[in-house]
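One chain, subunit A, links the two complexes that follow: it is found with subunit B in the first and with subunit C in the second.
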Partner chain A sequence: MSLRRLIGFNLLSAVVLGVAGFYAGWWLGHQITGPSIAYFSATNQNDIALFVAYLVGVVGFLVGLGFANYPVQRLLGKPPTLREKEQQGAARYFGLCTDHKVVGIQYLLGIGAFIFIGGLNAMLIRFELMRPTHLVWNGNNYLTLVGVHGTMMMGMMTSGILGPFANYFVPLMIGARRMAFPRIEALTFWLLMAAGTILMTTFAFGGFPTGWTGYAPLNEQANMGMDAYIAFFALVGLSMTLLGLNMLATVITMRAPGMTWGRLPIFVWATVSTSVLMLLAAPVLISALLMLTMDRAAQTSFFNDQAGGSSYLYENLFWFFGHPEVYILALPGMGILLEILPVFSRKPLWGYRLAVTGMLGIGLMSFLVWQHHLFVSGINADVRPFYMLSTEIISLPTGFIFICALGTLWKGRIRATVPMLFSLAWLFNFLIGGLSGVFLSDVPSDVTTHGSFFSMAHFHYTIMGGLLFAFFAGIYYWVPKMTGYNFNERLGKWHFWIMFLAFNSTFGPLLVIGFLGMPRRVVTYAGYLQGANDWVSVSAFVLGASMLIFLANLIWSQVFARVPTGVNPWGSKSIEWQLPSPVPVHNFDRIPTFGSDPYPYGEDAGSMLAQRPVVSPARPTP
Partner chain B sequence: MSELAHHSTDYSVVESESPQVMARNLRVASQLWASATVFFFFAFLFAYFYLRSLNSQHLWHPHTVKAPVGLGTVITACVVVSALAGWYAARRLEAGDERSWRSAGIAALALGLAAVVLQIVEFWTIGFGPTEGGFASVFLGWTGLYILFVLGTMYWLETLLATSFRYRGAGAAGHEPGEASGDPGRTGDDIDRPISLVRPGAGAFAFYWAVLAVIGVATWLILYLL
Partner chain C sequence: MWSRSSDGRRIAAITVIGTAIVLPLVVFVLGPNMPPGKATEVAKGQVTDNTVLLVVMTPFTVFILGYLVYAIVVFRAPKGETELRDGASMRGHMPSQIAWLVTTTAAVLFLAIFGTTELLANNGAGSGSGPNPVAKPSGAMLPVQVIGQQWEFTYRYPTYGGVETAELVLPAGQEVAFHVTSLDVVHSFWAYELGVKADANPGVDNVAYVKPTKIGTFQIRCAELCGLWHGYMFDTGRVVGAADFNTWIAAQRKQFAGVEKYLPKYSPSYSPDPTFRAG
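Now for the complex of A and B:
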C-alpha cells in the first residue's frame, strides 16, 4: 500500500486525528476552566476538560474519515456528489463510503464487535455472582461492569438491525439504487463507532454507578466516568435521529414504480415504524443528556433538587425516550420474523394489513406508557391507572404480530432452516417476555417485582430473546446475499440449539430468583440463592460459548470454505433474492417495476415484478 | 444469473437519476428534521413547566433572576424577519427571479447572524448565572441551544447562496457532466446544472427556518414574557 493511501482520508487518519483531538480538547478544557474550576464544576473535577476532549476527539475522528470535505465544499458553493469510494476492494470498508451495501456490512462488523464486548461484560458479571459475597470485584467495579454491559447493549443494539440489514436491504427492497442521503448514512455508522470507543474509556475515569438508565441524582454525583456515558448516549442519540430521518426519507421518496405503500415488504414497514420512533424519541434523550452535561460542567440545576431542579425531571425525560427505545429494539425483530416466516412456510404473509397496523400501533402507543417505569418512584398515585392501562393496551398491537406469525405458519410447508429456527425461537422468547411484562405493568405486582432480577429477566426475554434472536435470524438469512457465501448449516444448527437452550436456562430461573427477592445491581445476595445463581452463571457461560460457535462458523464459511450462495438459495420471492450475490455496486441495471407485494407464495404470480424479464440495456465492460 | 443486474455493467451507462428525486429528498428531509427539532425543544418546554410547578426549595425563579426582555425581543424579531425574508426569497426563486432570491437571501442570512451575535451579547450582559435556580438553568440551556440551531440553519442558507452566486448565469450546457464533482459516472442534472438543486433546497430551507422561527417565538413567550 502506498504512503499516499495511508495518509488519505481513512480509518488510520481518523484514529490519529481522533486521539490528537482528544488531547487537544483536554488541554483546551483545562485552559477554559483554569483556576475557576470550583465554580464551573459541580463535582470538583474537570468535567469540562473531558467533555471538550470527547467533542474535539470526535470531530477529529470525523475529519480524518473525510466527513468535513463535503460541508466545506458546500460552504464554497461547490455542487454535491453522491459517490465517494464506491469502488471495489477492502479499503472501502475502512473509511467514508456512500454505498449503502458497504455501510450495511460496516454496521454488521462494527456493532458485532461492540456487542461482543458487552457480552464479555455479562460473563464477568455472572462470574462475580457465583458467590453471594464479593468474589473478584468490589461494589463500584461491579456497578461499572453492569453499567457498561447495559449501556453498550442498549445503545449499540438500537441500530443492531436497522444498521446492517435496513441499510443494506431497504433500498433493494423498494427498487432504489441508494439511500436518500448516502453521506448521512455513513455518518450514522461512524458516530456509533466513536460512541462505543468513548464508552470504553469510562474505565480510565473511574466508571459510572448508575447502570444504563443514568438516574439522577447519582448521575450528578458520579465521577468523571459518567461523562463517558453521557457522550456515548448523546452520540448514539444523534446517530439514531439521523438514521431514522434517512430511512424515512428513502422509503417516502425513492420507491420504484409500482412499489406502493400497500406492497412494501413487511421489513420495510418495521423499518418505517422504528424510524419514526428514532426520529422523535432520540432528540428528547439528547436534550436530557445536554441538560445533564450542563449540570455537571456548568453548575446549572436541571436535576439538582437542592437548587431549584428535580431529579424526577431526568427520569421522565429519560423514559420518554427509553420506552420507545424498547420498541426501537423490538420492532425490527418483528419485521425480520414476518419477512422470514413466509419464505420458509411457503405461504403468503397472513394478515399483511393487520401486521402493519400492529407495528404502527406499537409505535404510537410506545409514547404513552413511559411512566410505568416510575410506578415506585413516588409519582402521583392518580396517574398510575392511566399508565397501567396504556401499558396493558400496548399488548394488543403486539398480539397482532403474533396472530400474523401464527396465521402464516398455519398449514404451511415449514422448512427448519437456521433462520427459521431463530425466528420460531423469537416467538417463544418474546411470548415469555410479554407475559412476564404484565406483572410489571400492573401497579400492585410491580411494587414487589420492580428493581428485582424479575424485571431484569423480563427485559432480557424481550430484548435479547426478541432482538438478538431476530438479529441472528437476519444474519443467517441475509449474510449469504451480502457476501456471496453460504454459512455451514450444521454449525448454524448447533449454534441455534445451544444458544436457545442456554438462553432459557439462564433467564428462566432469573424470573424465579427475582420473585424470591434478589435485587438488581447489588453485588451481594442472600446465601440461599447461591445454588440457583450458580446454575444461571453456568448457563450464561454456555450461552457465551454458543457465540464462539457462531464466530467459528462465520470465519470458516466466509473466509475458508467459501461455498457460493447462488442467486436465490431460499426460493424467496422478494426482490433482493433476484439479484446476484453479492449485489453489484449499482444494484439494478434498470430501475424495476413492481406488480405485487413480495409474498406471492403458492399463487400463480411467480414474482413481485411487473415486467419480467427486466433486461439490462447496459453494455458490459470489456 | 440474475436478470436485474450484472456485475459487469459499466456504471457510467446506468441510467441517470431524475433531479426530482433529490429535490423530493430535500423537501421530505426538511419536514422530518423539523419534527425532530420540535421534539428536541419539547424536552426544554417540559422542563420549564415541570420545574416551575415543583418549585423545589423555592428556587425556581429567585427575584434576582430577570430575563432581559428588550434584548430577547430584538433577537426574536431578527429571527422572525429573517424567516419571512427566507420565505420570500424561496418564493422569488420559484418564480424564476434569481436576483431577488439572492438579495432576500442575503438579508435573511444577515438577520439570522445578527440574532446569533445578539444572543452572545445577551449572555455576556445577562446579570445572572447558571447556578441561580431552575429558571436560570432552563433559560440558559434553551436559548443557548436554540441559537446553535439558528447558526446551523444559517450555514445551510449560506451554502445555497454560495452555489447560487458561483453558478449564476450558467446554462444547462455550461458544465460537462461530472466536471464539478469529479464524478464521471454521474450524469444527474444537479451536477450538470448545480443551480437546479438550489430551488428545492431553498424551499426546504424556508420551511425549516419558518418552523424554527415559530419555536423562537414560543421560546420568547415562555422565557421572557410568561
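Now for the complex of A and C:
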C-alpha cells in the first residue's frame, strides 16, 4: 500500500523525470550540434547541449510534479481539478499543492536549505582568506565558491520573505481563502527548487569565474559552468515575475469587505511595492540572459566588444535589474520590521501614510539609480551628477521607514521578545548599511570604495543585516502560527545575541579592510591585512555556528518539545493571530469583515475585525 | 505631546551633547586618517570628501542610536508585567514628520551639490571619466596608457615613443592623464594611494587625471573580477623626481628598443583577434 502511494505525481516522479529529461536533452543537444558546428566538436564545450538539457530537465521536473495535468485534462475534455492536494497529511508538502499555507511552508524549508548551502560557501571562502596567499582553494575553485555564494543568496533571497511569509500571510491578512493564481503560486516555488539544483550542477561543469554580477565579456569566455548561472538566474527571474504578478493580482482583487487600501497591513504594502519591482525588473534580467545565451550558444555578439557588441550593454541591463533587485531584498524586511514593532511596543504603527509613501517611493526611485554601479567604468561623465543625486535622494524614503519605526517605539510598552530583538537589530544594522552606502553614492569617495571590501561589507549590512535579520524576526514571530508549536525562547535569545554580535564583528572590520585597499573577490591580499582578515574569519565561523543554534532550536521545539502556541501568544490585533494555530485548510468559516487596520492598540477595538469569530476552533474544518 | 514631554527634551539633549562630543573626534581624529591618504591632490580631495560625509552623518547617527538606546531603556514594559497593557494610541505627529523630512532633504541636497562640485573641481576626482571627461586640468599633461589584460597591467608612454613597460613610474609634480583600456575582459585599474580607479574596458579609452606630489611607492590592484588569476593581478608603482624619471624612461626605451617594431602603433584602444576561452 505505502509503496503504491509513491507512484503518482510527486517529488519522486519529478526527480526521476527531471534527471531523465536532462540526459534526453543532453543527447538531443549533441545531435543538433555534433555534425554541424565544428567549434563545439573541437572544444568539448557544448553550450547548446547543456542549455537543451537544462530546459528539458526542468520541463520533465514540472511534468513529474503534475503541472501538465490541468491543461491535459482540459484538452481531453475531462473536468479539471481546480485545487490540488489540499488535504491533511505530510504528503502534500512533497508535491504540487495549491494551498497557499502549504506553499509557504515549502518555501521556508526549500529556500532555507539553499540559503544554508550558500552560507556554507561563505564559510569556505572565509577559510581561504585566513592566509594572504594560497591556502586551500585554487583560483578557479575560489571564484566558483564566491560566485555560487553570491548567486545563490541573491537568487534565493529574492523570495526569502515573500515566498514563505507573503504566500502564507497575505491572503490571511486581506481576508482571502487563496492566492489569485494558486497553480502559479506553486509553480514559483518549484521553479526555484529546479533553479537551485541547476546552480549546484555548475561544480560538475567546472564552475564559473564571474561572481554573481556575471560581467561581459568574461561571461562569454567562461566554460560550460557559466550556463548553470544563466539557467539559474533565468528561472529565478521567471519565478520572481510570476510571484510579483500573483501577489499584485491577489492584493488588488481579493481584499475582503472593509479591507480598504488605507487599512492594508504594512507588510502587505511592502509586498505590493516589492511585487511591482519584481514584475518590472526581472524581465530585464531574463532578456539580458537570453542575449547572453545567444552569444554563448549561437555565436551572436551582443556583449562582445571585439565583434561589434558592447560590454556596457550587459552592465546596464544587469544593473537595471540589479538595483531594483537589492530593494526587492530590502523592502519585505522593512515590512516585517514595521509589522512587528507595533505588536511588541503595544502601539499603533506611527506614520502609516509616511511608511507607505516610503515603500512606494523606494520602489519608484530604485529604477533611477542603477548607473551608480558604473561610476568609474567610463560611462558618459555628464550623467554622473544625476545618478549621484538620485542615489542620495533614495535615502529619503528609507529615512521615512526609520522615523516611522522610531515613532512607533515612542512611549510604547516594549517587550524584548526574540522577534522584537531581531527587529531592533535590523534598525541598527540597516543604519550602518545605509550610512556606508553614502560613501558609495558620492563619486569622489566611490573611487576608493568601489569594488572593494567596503562595498561588499556595505551590501552585507543591508541585505544580511536587513533582510536576514528580518527573515529570522519573521520566523520567530510567525512560524508558531504556521506550525502550531512555540520556539524555545532561551535558545532563540542565544541565537540572536551570538548572531548579532558575530555579524557586526564580521562585517564592521570588513568596512575598514575595504577602506585600507582590499578589493572584492580576490584570493590573495596584502600581508598587513592578515590580522584583520583572521579576526573576520573567526567571527564568520561564529556567525555560522549561530545558525546551528537556530537549527537545533527549530528541530527541538518543532519536532520534540512541541509546546502548543495557542491562538494569540503575542497579543497581536492582526487577523492571523485571531485564527487557530495552525490555520485550518480553508482559513475562515466565512469571509471576515474588517473594521480597522491591524494596529488599534490603545483603542477600543479588540482586534482589526469588525465581527467575530470568523472561525470556530472546535469544529473540524473541511 | 512630543515637544512638551521630558522624554523629548532628554533625547534632544542626548543628540546635541553626543554630537558635540563626537563631531570634534570625527573632524580632528578620524577625518585626517580617512583613505586614501595625501599622496596626490586628488587623494587629498577625497579625504576631505570622506570627512565631510562623516560630519553630515554624525548628528543623524547620534540621534537614531541615542533614541534607540533611550527607547529600549525607558519605554520598556516593567519586568514581570504579564498582563498586556497598550501604550497610547499615537498614529503620527505632523510637525516631527515635517521636521524629519526637511532635515534629511537638506542633508541629501547638500551632499549631492557638494559631491558634484568636488567631482568637477578635482577634474573627475581620480575616477575613470570616459573618453571625453567634462572637467580637464589645464596645462601640460603626461599621458600614460594603462593596458589591462588577463592577468597583468602594462603601461605605454606615447610621448616617449610609445614605449611599453611592465612597471608604472611617474614623475612627481607632473599632471598625469591615465588612458585605461583593456585587451580582453573588463578590468579595473586601482592605484590606491594615488586615489585613482578606472575600469579597463576593451575598445574604450577611459581617462583619469591625477597629480602625484609625494615621492614614494603606491599599490596597484585590479578591482574588477577578470577571471582565474584576478587575485594575483597586482603591482607596485613608483613616484620619483623628474630627473630620475627621465633616466628611467631613457633606460626603458633602450631596453625595449628591439621590441618596439613588434608593438602596434599607439592608439586609444586596441582590437586584438578575438581569442575566446583562453582560460
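Methods note: the second predicted complex is superposed on the first by the 592 of 622 C-alpha atoms of A that agree within 3 Å, B and C clash if a C-alpha of one lies under 4 Å from a C-alpha of the other, contacts with A are read in each partner's own complex, and residues count from 1 in each chain.
Note that in this section a residue touches a chain if its C-beta (ideal position, glycine included) is under 8 Å from a C-beta of that chain, and two chains touch if they have at least 3 such contacts.
Note that this is a predicted model, so its numbers are computed, not measured.
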| item | value |
| --- | --- |
| Which superposed partner A:245 touches (first subunit B, second subunit C, both, neither) | first |
| First (subunit B), second (subunit C), both or neither touched by A:306 | both |
| First (subunit B), second (subunit C), both or neither touched by A:389 | second |
| Subunit B versus subunit C as contact partner of A:317, first or second or both or neither | first |
| Partner chain in contact with A:298 - subunit B first, subunit C second, else both or neither | first |
| Partner with the higher number of touched subunit A residues, subunit C or subunit B | C |
| Contacts of A:89 with subunit B and subunit C, given as first, second, both or neither | neither |
| Partner chain(s) touched by A:411 [first = subunit B, second = subunit C, both, neither] | second |
| Contacts of A:346 with subunit B and subunit C, given as first, second, both or neither | second |
| Set of subunit A residues, in rising order, touched by both subunit B and subunit C | 305-307, 312 |
| Partner subunit C, residues of subunit A touching it in the complex | 43, 45, 139-140, 142-143, 209-211, 213, 215-218, 220-223, 304-307, 311-312, 345-354, 375-382, 384-385, 388-389, 392-393, 395-396, 399, 402-403, 406-407, 409-416, 424, 427-428, 431, 435, 438-439, 441-448, 450-452, 515-517, 519-526, 571, 600-603 |
| Residues of subunit B touching subunit A in the complex | 1-11, 13-15, 17, 21, 24-25, 28-29, 32-33, 35-37, 39-44, 46-47, 50-51, 54-57, 59-60, 130-131, 133-138, 140-141, 145, 155, 158-159, 161-167, 180-183, 185-186, 188, 190-191, 194, 197 |
| Partner subunit A, residues of subunit C touching it in the complex | 2, 5, 7, 34-36, 45-46, 49-50, 53, 57, 60-61, 64-65, 67-68, 71-72, 75-77, 81, 84-93, 96-97, 100-101, 104-105, 108, 111-112, 115-116, 118-119, 122, 124-134, 180, 184-186, 188, 190, 192, 195-199, 201-207, 219, 221-232, 234, 271-274, 276-279 |
| Touch list for subunit A against partner subunit B, complex | 71, 74-83, 177, 180-181, 241, 244-245, 248-249, 252-254, 279-284, 286-288, 290-291, 294-295, 298-302, 305-310, 312-313, 316-317, 320, 567, 575, 578-580, 583-592, 612-621 |
